[in-house]
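Below are structures written as structure tokens.
One chain, subunit A, appears in both complexes that follow, with subunit B as partner in the first and subunit C in the second.
And then the complex of A and B:
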């Protein structure tokens, strides 16, 4: 029983990190209705910039964190300009989508953001060619004991940060005027434009905010690891994707629930089948969520925009 | 020196032919409007299946390749069933997840037979060694290149031949607008299932050829980047004709990788080009309009201008220009 509780607790705490990376992905999808597959690579290249500063110039933690966030925003701007700006022109026109179906443009943006992924990953490796690169570390050595349960305080802090950020963002989206206008733009561009909202600017700001958030998430996670490898981009994308998809793309609180669910599933899968099972569980969960029969009835939720 | 050079050229050509098969498999999926990031899974499954057949059961190569193709087609069809109703976006993510599931499943697969030379068979993450059919049967790399090229030409011939038929046109219609195609009495679902099976078989054929060329497989080879490259080749080369993916492969492997001109920057250039093409020429270099134009011009040269004008259907039946939709 203790083992079960311990696994669940570990899973929940890991899930906080997943929720944090899922949040940015979900927000991008919510406001642009585009899935940004270069998301992980963006976070990775930004983290590499921070690590470079740390290795070459022994920059302090706050400067590294700031660099990562700024770099993530700038790189995100590049990705948006190359892959997603097309959206702006085409929403009103009835041009045939270059690839099939009603969501042809979405798929094109998805494919091109995937291509950009290769580019960003290679740039990061060119910047720091070694496999392991030092990142400033804030990890603690001491574990907390709670009865028979063990908790790593730094991980717990990360999970709490993720929860606070998610709930705060959800409240902001729901209550504030700015949040309302953001949701309006995501829901119906034309209607938002007609009532005088600066739709294009809000979208760009939303994209930049999501990218800065990914930088923050990357910093928070890497500060506990104390190192960054070229696998980080894939890790961010996949964990984020599963968390965001589990909770429903575009939903802020959903990303939190999705992240926690993923964390708990992974932790138990690892106990049952080892590291192999953990890795397999991530993808199996993603696949099941996508093809599950109940999805058919909810497919309209996809087109609804960002929500708390 | 020149011997080493020609060995290198033979190896590179084999690699290009094998990658072309994978790119054609992605191309076929793109034709029916599906971006699949999971074709590398069928490539890997075909590679393992063909390797098991020759190395463990000593079957002849062609039979092993056929079994690999059958397995690839079956798995692809099975994947297509639950993903049939998904939107393009979800389909892409689902195939990505499936590709990784297949890779991880392969990395957990231990099945070895003991032989006088030691155990043979897939050994999980350590990979599958000693697929030595070519060495045992004294097939030179040159002869194997000829076999690989024959396979590629056969696949190309089938695809090109199918292009002006009702089936080929139905495929393109599905890619352009599935709902409209359905209203024309064409079963989009059946067509997509069939295409998925065919694409899986082509990818598996490439995988089987790859396994025997390298004699060594490991699951990590079949990561999503392989599938993304295949999609990239098709999108870069063009969706207008089956030659398109080959152009993409020749550009990336033949020009960027082989010349080493842009060592360390190959991905930057390739990835950037794919993104730029998707933005400004979304159906690739050889898109339907250009293919139509070229075939008109060729017909003009071969038959004379009047003949080309008199039989436009013969020369350009396979082109459905994108902009001519009402």
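And then the complex of A and C:
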């Protein structure tokens, strides 16, 4: 029983990291209705900038964290301008606009974000060519004990951060006027124009915020590991995508539940079947979400505009 | 109040408005009639700043609107009830109304206006926390009107508020228009339903293939022979009603579509 509880707890704590990366992806999808494949690579290149500062100039943790967030926002701006702004522009002012995501240009955006993914990853590898690169570490030697259970304090902190961020963002989206306008823009672009919302600006701000969030997520996760490898981008994209899809792309709270569910399933699957089981759990969950019969009745909730 | 002069708007190379001039007076209901594809909705989207015109001017109380953003135009007191309602489907009824007041900062006024909307549209009040996408067509139309009113417009633009609604609901919508007019709201109404429009509007324009082809009072409209047949459904004895076979109307409407007779209007 203790082992079961320990695995569940570990899973929940891991799930916090998944929720954080899923959140950024869910927000960009929810506001643009476009899947940003360069999402993981953006976080990775930003993390590499932080790691570079750490390695070359022994920058302190706070400066590394700040650098990663700023870099993620700037790189995100580059990605948005190149992949998404243009495929938006053509539809922004016509009757076709209400049917966001149904214009075929999403394929163009998807393909170009894939190209940018490759580009960003190559840039990162050029910046720091080694496979393992040092990242500041907050890992502690001493574990906390809760009766029979062991908790790593730094991991717990990450999970709490993820939960607080997600629930805070959800409350902001639900209650504030700014949150309402963001949801309105994601819901119906032309209608948002008609009530006088600055749609283009809200979208850019939303995209930038989501990228900054991915920078924060990357920092928080890497601080636990104390290192970053070229696999990080793919990891962020994959885990983020599964977490976000489990909760429904576009949903903020959904990203949290999705991340936690993914964390717990992986943790138990690994205990049962080893590393292979962990990967299996990830894809099995994704598969279940995509084909599950209960989705048929609520297919509109699998993907939707930004909502709490 | 609203003066439109030689306004031309194109989608790529296709010119939808070919130099439209018309005016709407304060305190009046002005109605623009015209068949599908005449450019009525294009005109509405141009007035609200969504589409950029090639040439021409739109003066609202003397201020030029061409070149301004939709947000600025809403702030100046022009609000559109768009064709097909376009409510925010996954926002609740109350949130839709809040969104309509986006340009306003007086929270107390917004709250009292929301209460006023619920008093005016009791059916919306019953559905305050319901998603707008789950409302019936008529309820969505009321919500669209209420949302536009939330910006406290000085001129309300309405693009085919009767389209796709059952006759009973259409009557309800026009009762609302009459009520708004009685309260002093200036309205610029685009319609295909000439019968209903005749009961509320003080001035009529007829639009045909991107141009204004008629301007006059309800009396002049009712006496115009061509309009009689095209819009008020009175056939010459020698004519067969050609509507169902030739008129491929993209949107369902409770009223006869005027396309079949439209060529005659052009030959005037």
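Here, the second predicted complex is superposed on the first by the 292 of 308 C-alpha atoms of A that agree within 3 Å, B and C clash if a C-alpha of one lies under 4 Å from a C-alpha of the other, contacts with A are read in each partner's own complex, and residues count from 1 in each chain.
In the analysis below, contacts are C-beta pairs under 8 Å (C-beta built on N, C-alpha and C of every residue); 3 or more make two chains touch, one makes a residue touch a chain.
Model, not experiment: these values are computed from the prediction.
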Revision key, fill the gap. Max touched-residue count on subunit A (subunit B vs subunit C) belongs to chain B
Practice item. Could you look at A:154 and tell me whether it touches subunit B, subunit C, both or neither (first, second, both, neither)? Key: neither
Practice item. Using the superposition on chain A described above, determine whether A:283 touches subunit B (first), subunit C (second), both, or neither. Key: first
Review point. After lining up the shared chain so the two structures overlap, which partner does A:196 touch, if you call subunit B first and subunit C second: first, second, both or neither?
Key: second
Point to revise | Touched partner set for A:114, first subunit B, second subunit C, both or neither | key: first
Check your understanding: Once the shared chain is lined up, is A:307 touching subunit B (first), subunit C (second), both, or neither of them?
Key -> second
Revision key, fill the gap. Dual-contact residues of subunit A (subunit B, subunit C) 98
**Study point:** Touch list for subunit B against partner subunit A, complex
**Key:** 30, 32-35, 37, 82-83, 85-90, 92-94, 97-98, 100-101, 104-105, 107-108, 174-178, 224-225, 228, 231-232, 235, 264-268, 270-272, 274-276, 278-279, 282-283, 322-323, 325
Practice item. Within their complex, state which residues of subunit C touch subunit A. Key: 11, 41, 45, 48, 50-52, 69-71, 73-75, 79-80, 82, 86-91, 95, 98-100, 102-103, 147, 151
Point to revise | Complex contacts: residues of subunit A adjacent to subunit C | key: 93-95, 98, 177, 180-181, 183-184, 187-188, 190-198, 304-305, 307
Review point. Within the complex, which stretch of subunit A touches subunit B?
Key: 35, 82-83, 86, 96, 98-104, 106-108, 110-123, 126, 234, 238, 241, 245, 276, 279-280, 283-284, 286-287, 290-291, 295-296, 299, 302
